[in-house]
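Quick one: the structure is below, and I'll ask about it shortly.
Note that the chains are named A, B and C in the order they appear, and that numbering of residues resets to 1 at the start of each chain.
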């Protein structure tokens, strides 16, 4: 996320107790995890095997736990615990714990179109927009930084913009990454009852135009879903996965994190997707593979008991 | 659904811009999808292969996109886009978007027994009834047209009567069918926390007497569940499926749409049901098949690695 | 559960219409199901094959439907329907149906730390505590007898402390066991959006220190989860199962009731656990077995179609 007010690097170094390697007068304009960095952004790296990736990324500033030379045009912050330093900065500059008013159910800092319908017992956080013609049914919760287009329908009990399920591990305990991303729901989307759609850690979760979700669908942090997709009830999609346009997932499909499902793929009910899948094909099973391949194996398996029995006679 | 006030066919023809083939003075008494039609009903057909079914159905009136002769006792409405015409009629005569009051959490047009318990933060739409001795826990939402019998328990966060996940496809986009059905929860039913039970598109979703649902169970539009069934947590049932009496589904079972599960069938946890299953038997796996058949295949598969290894020696 | 005020056995006998075998002046100090009994407790048994277990249990008092001699130091209550008698006693002494105030969203009998954050539209029952630094997001419901430690985060729409999905069967109908247990959420736990965590029937459901649950996770009655475990979205855990420390379950894992998962076990997405599993290993599939065993079978199955084809040439 971009910072509301850019900050001098020296000021950040002081805040986290880091040593500057490079230009302490340079200006930081955003704080982002490595997957989402742009010029002006600060990111971090704490594992040797990712040093190169971080130092060569688009980020202008990197918090790092080893004294190395700053690449041209970049400055580094030397710190013994880069993740902790990064996380404290996110918490300071994107205070998610003030996501809701404690007294008002609809925060003052929202932008709700007069022709949108907000039913009773909806709770809305800061920096939320709802477009013309959209209908938000009772008991929906919109966390902060949720943006909803036109003619969107969100059914009762759905939770949009919850914090990412994303932790670092330290001394056997899970340390929460603070989420500062957003959720973007494009026009003509319909979301069923009891769905949960988390915000990105530092990027956006996107549901593309015209896509329809049935009840109890889970969409993880930073997932990007294309246009005119269909998700039947109880599907779950892991963090940062990309679903291209016109994908159809039948009931209870599970898709792991960090994969890509190609345009027009059709996933049978209860598919379990463990890797990226090309578009335009039908998939089946857990792990999900091409339907026709799985069908051949299932047919062979049906014959196996008799075959083995005859062999032993 | 039956219409509140029956309408002359001529009036409907004018409303949707259709040509009458037959008796324009005939009276339409209901509007229903083809699965649910009775005498006096209006339905539609837009695909050649279903013409015969629609014209021979119990419906007295059919919106159709080809000039054909009206069968005896029936009248037709000729229209270039029957689905769109039908859908506009449903939206006009069953205005689902007025399902809730915008200001009151419990609509004025409800019938709640004085000996029923409604806990805080429950939201109730129009034309809802709750019988004697029933308990509705906090944060439950009852959409319009939900009817709850006696001694029913509905746990927190469950959403009853949401709109069907049911779309027509037109030029690559999904067009929503308006739902005008209802949900009927019979006496002595218990529904866990976080369940979602959708209303029928034009018929009823029914949960039979004494049936118990655990948490996070999903029941699709128009599903009919018999008496004294048991559904463990996170089961999902697709639209219009019929579950006969005394069926037991263990956790995370998924059942596809439009099938029938026979009386007393027992489905193991995580079963995936892709077709109708006879009653009185135990089923296992995805796709779900008779337990004893699957067990034989699983036993054979366990021996397969060693068998193939020996063959290649 | 221990009784608020201990009761003379004679008084209970009169209340349920039972005959005392033993000391009618003895004092009952708790009422518990057989899995949880301690000295001073009353339990019941109604099936011949469990008589021995009940009579040899730690319980001091047993409701039984056969005239037998009382073991040393114990007294019996002879009753024709022990389950019904037991259940009526639980309903009388632990009145769960008064779990919430009908007018106040936060019950008077709670203990919420001044430094905890309770967002709007949270509903809280009686005898609930929330520790310092904990955050309860909008639309969460805490039933009675829920105890939440320090620095716990519970996301929107989660339901903690719902009643157990636990029934006796009598003449083909399911009779509800009244739940009188509690839920204990230890320090530093995070619970995602739309989760459901039921209370124990007569014991406690426990989520151990530092454990993290993603969205839409279901935890059944009386489940005990250890410290620093991770549950990805849409996992479900059956009643009274024990999960030791540092277990990781990826998305949509289902675990049956009454089993134990050993320390540090890792369950792949969509695993279906049907029996206890030793710790320190990776598991895969439904039924879940050791990953490396399943991988061998999957590899063999991939070769099976060609193998069988060649055999028939």
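What we mean here is this: contacts are C-beta pairs under 8 Å (C-beta built on N, C-alpha and C of every residue); 3 or more make two chains touch, one makes a residue touch a chain.
Owing to the predicted nature of the structure, the values given are computational and were not obtained by experimental measurement.
Q: Which is it for copies chain A and chain B: same residues on both faces, with over half shared, or different residues?
A: different
Q: Could you say what rotation angle superposes chain A on its sequence twin chain C, using C-alpha positions and rounding to the nearest 5°?
A: 120
Q: Using CA atom averages as chain centres, what separation in Å is found between chain A and chain B?
A: 32
Q: Identify all positions of chain C at which a residue touches two or more other chains, and write them in rising order.
A: 121, 139, 157, 194, 216, 234, 252, 270, 286, 301, 304
Q: Would you mind writing out the residues of chain A in touch with chain C in their complex?
A: 97, 100-105, 121, 123, 139, 141, 143, 157, 159, 162-163, 165, 167, 172-174, 176, 194, 196, 198, 216, 218, 220, 234, 236, 238, 252, 254, 256, 270, 272, 274, 286, 296-297, 299-301, 303-304, 307
Q: What residues on chain C touch chain A, complex-wise?
A: Those residues of chain C that touch chain A are 117-121, 135, 137-139, 153, 155-157, 188, 190, 192-194, 210, 212, 214-216, 228, 230, 232-234, 246, 250-252, 269-270, 285-286, 301-302, 304-305, 308, 311.
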